[in-house]
Amino acid sequence: MLDKHGIAKRIAQELQDGWYVNLGIGIPTLVANYVPDDIAVEFQSENGILGMGNFPYEGEEDADLINAGKQTVTLKPGAVLFDSATSFAMIRGRHVQLTVLGAMEVSETGDIANWKIPGKMVKGMGGAMDLVASAENIIVAMMHTSKSGESKLLPQCSLPLTGVGCVKRIVTNLAVLEVTGEGFVLIERAPGVTVAEIEAATAGKLIVTGDIPEMNI
Amino acid sequence: MDRIADEHRKTMNKIVNNAQEAIADIHDGMTLMLGGFGLCGIPENAIAALVKSGVKELTCISNNAGVDDFGLGLLLQQKQIKKMISSYVGENAEFERQLLNGELEVDLIPQGSLAERCRAGGAGIPAFYTPAGYGTEVGEGKEVRVFDGKPHILETALKADFAIVKAWKGDRLGNLIYKGTARNFNPPMAMAGRVTIAEVEHLVEPGELDPNYIHTPGIFVQRIFEGKDYEKRIEQRTLRTR
Amino acid sequence: MLDKHGIAKRIAQELQDGWYVNLGIGIPTLVANYVPDDIAVEFQSENGILGMGNFPYEGEEDADLINAGKQTVTLKPGAVLFDSATSFAMIRGRHVQLTVLGAMEVSETGDIANWKIPGKMVKGMGGAMDLVASAENIIVAMMHTSKSGESKLLPQCSLPLTGVGCVKRIVTNLAVLEVTGEGFVLIERAPGVTVAEIEAATAGKLIVTGDIPEMNI
Amino acid sequence: MDRIADEHRKTMNKIVNNAQEAIADIHDGMTLMLGGFGLCGIPENAIAALVKSGVKELTCISNNAGVDDFGLGLLLQQKQIKKMISSYVGENAEFERQLLNGELEVDLIPQGSLAERCRAGGAGIPAFYTPAGYGTEVGEGKEVRVFDGKPHILETALKADFAIVKAWKGDRLGNLIYKGTARNFNPPMAMAGRVTIAEVEHLVEPGELDPNYIHTPGIFVQRIFEGKDYEKRIEQRTLRTR
């Protein structure tokens, strides 16, 4: 089974040379730590950065330089700053090749719910609806089940949707899955996790064809 | 065109003395746009002046709602806001209390649609189609149209009685330059105010800003003043170990 | 009767302090020479300048600095450069207070035709359709009649339209007229021109109420 | 985020050797966008390479069509253009001849709509409403909708197989800065190419361009090269007497 760093590490393997990538808050942010040295990717932060760098050293933090998670950051050489309308022009115009974000629920058909729980305080969707409606590739990074043990991979979402039919791939603590029109296709198992365990943790239709390899991370 | 730049000619001057003067004609019930992302790039001086003015029943269009004791949170504390139009309003307990008590209305808008709707308001585009929000609550009641096989929803432009933005440098013609990620929503909102007020850290002479690198052309700005005592609070001080 | 400089001079009297103004090619360009010293106006050129200055001195011309008429120009202190999408955001968004442009025909209801003559080579509308559809104030600068002596102020335009019901004011070599829904309201006569002469040169409905003053230029 | 900016990490590099290499996969029948206003800010090197390549049946989206012996006029001379999409196409006798002979199609679009349609194509906005062209030939057959009492027409986004732009400075990530009014249509078109090629007068190292003053972020650009022998012809040399 993977921890959140393991999930991030596995997602980093999906990155391709030359891609621009938007990482959501939480586990997705950790993906930045595991980019292979031999590929070039640039991180887009929707508040207006392309070429986001590391967190700053103490004393070098700048209130005028934050990422979309409101964390202080730095810029890499060749970085660019821009306004919010331009930022979402990049996103909506499909210039960002990959979006990685968390989810509360994903459906068999790629619907995603990650912004609202009825009866609870709603904080808002931020940029998530624009990102999921636009990105060519969306990878969801999440735990396979909720804290109370319920599956987050469902026949259909029970929570209000963030986007419809948009998730292409899911990486959880248990598995890598592809989202097709037919159901969740199991691609890889996390180290030490059996297909039966994944089946038990998946409420939506799981498609298992042949031998499922263990992740190589 | 031999006489345009004569030296004895009168030139534009949009400078007002301070925040108080800039916001003097903002009345109860008006709609304001306020730039900023989180607490980054917010018009601190104008917000303080609005608190002091006591103006109320405001509709505030701003990506976020500040924190309890800073940014728009200060206006919330004084119950000066009737409605917030935002994309994300977490980190604010007073906000939550007012919302759950029905004292506050909230209209949540996807961040990209919010930015584009402001730009559209400023650019004379009354409406446009976007895929964001289709099939969700945001799309409910909105026209759906398919382009290239993909469903989109119709979103309309946003305008405001006053847009209030914060820039790094500006001149008396209203030309503005922002710094770092403090740019964010400020440029699209600057375009969409019937009156746009800019507060700047540094007011400079015309010609000091390179014409090739101005972020907000002065034509979008009606009033400008040099702010003071910027706190520029950091929400998440994240550091790297040496 | 006015020459083209006189028309420009008269239009310059319409300028108000603080206005941003877009001047079309031809007579409108000349308006820049007659701005009163005690008002501040800025000229917008739709190819991407705000704060356009004089023509350059010989040897100072720059191929990368032209106006919408493709003429070499200079910048005033406080000028700004921008792209074409931003430029027309200013125009369409009604941030430019006045547009002055030429016309082949204007109708009683403010329709304007100035871009196309059927059977002749069409050069295109350039920015004229955006300008007339958007500007709060549009002043047409033109000769009252064509070279062959026919009136350019008509009951309705015979040429393909550039815009509908948008012209507010017309300054010709003979007169200043306001365009209302009812017809052309005569406001001023050019020096030495009689009302009868203006009537004779106006094919559309001309409204003459009381004494019509002579222009003061 | 401790390892993003490691020095031994591979970084992006979009540099190609020259115009010929940049345009090598532009084929007959493709749609191109070409930046520039008149002869100002046009991609001279790429146009020369297109002439040399002999590629034909092109649809060219460009505000103007050059003059007889420069700019897009060079492609017209060789009859490489099937269709022009422009706002103004005067100053070109060969253009006129081909048009009157039915050898060339022309689609004339209001300049502001042209610029906005390119931006929309790049920004994922499939369509928007504008007042420009309502009640004229341009509006014929287009949906009309009234907003705020004023009729608008629906205009759709433009995209191109290749967008070709000319900038002053650029780096290998594709970040671009333009000079003077040579900016014009280049930024909105840079956004709208399926592949965007940038030719620059000066290719510089990443970090040399101030991140705060970049006009076209590199994300919009796929190929970049340093052009040479720029003629930068002036159409109307207007001077002031001393």
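Chains: A, B, C and D, in written order; residue numbering restarts at 1 for each.
Quick note on the criterion: a contact is a pair of C-beta atoms (placed from the backbone, for glycine too) under 8 Å apart; a residue touches a chain by one contact, two chains touch by 3 or more.
Going by UniProt, the chains are A, C = 3-oxoacid CoA-transferase subunit B; B, D = 3-oxoacid CoA-transferase subunit A.
The structure displayed is predicted, hence computed values, not measured ones.
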So if I look at the partners of chain C and the partners of chain D, which chains show up in both lists? B
Among all the other chains, which ones are in touch with both chain B and chain C? D
If I rank A-D and A-B by number of C-beta contact pairs, which comes first? A-B
Name the chain whose C-alpha centroid is farthest from the C-alpha centroid of chain D. A
Chain B to chain D: how many Å between their CA centres? 31
How many angstrom lie between the centres of chain A and chain C, each centre taken as the mean Cα position? 55
Calculate how many whole Å lie between the centre of chain A and the centre of chain D, each centre taken as the average of the chain's C-alpha atoms. 35
Chain A and chain B have mean C-alpha positions lying a whole-number Å distance apart equal to 29
Residues of chain C touching 2+ other chains? 54-55, 73, 81-82, 88-89, 91-92, 134
Could you say which residues in chain B touch two or more other chains, in rising order? 1-2, 116, 119, 123-125, 130-131, 178-180, 212, 238, 240
Please list each pair of chains that are touching. A-B, A-D, B-C, B-D, C-D
Given the complex with chain A, which residues does chain D contribute to the contact? 1-6, 8-13, 119, 121-125, 171-173, 175, 191, 205-207, 209, 211-212, 214, 217-220
Within their complex, chain D touches chain C through residues 37-41, 63, 86-90, 96, 99-100, 106, 108, 110-116, 118-119, 130-138, 168, 178-188, 215, 232-240, 242
Of all residues in chain A, which touch chain D in the complex? 17-18, 20, 29, 32-35, 37-40, 42-44, 50-55, 73-82, 86, 88-96, 134
Would you mind writing out the residues of chain C in touch with chain D in their complex? 45-49, 54-58, 61-73, 81-85, 87-89, 91-92, 111, 116, 121-130, 133-134, 160-165
Footprint of chain B on chain D - complex, ascending: 1-2, 116, 120, 123-131, 145, 147-148, 152, 156, 177-180, 210, 212-213, 238, 240-241
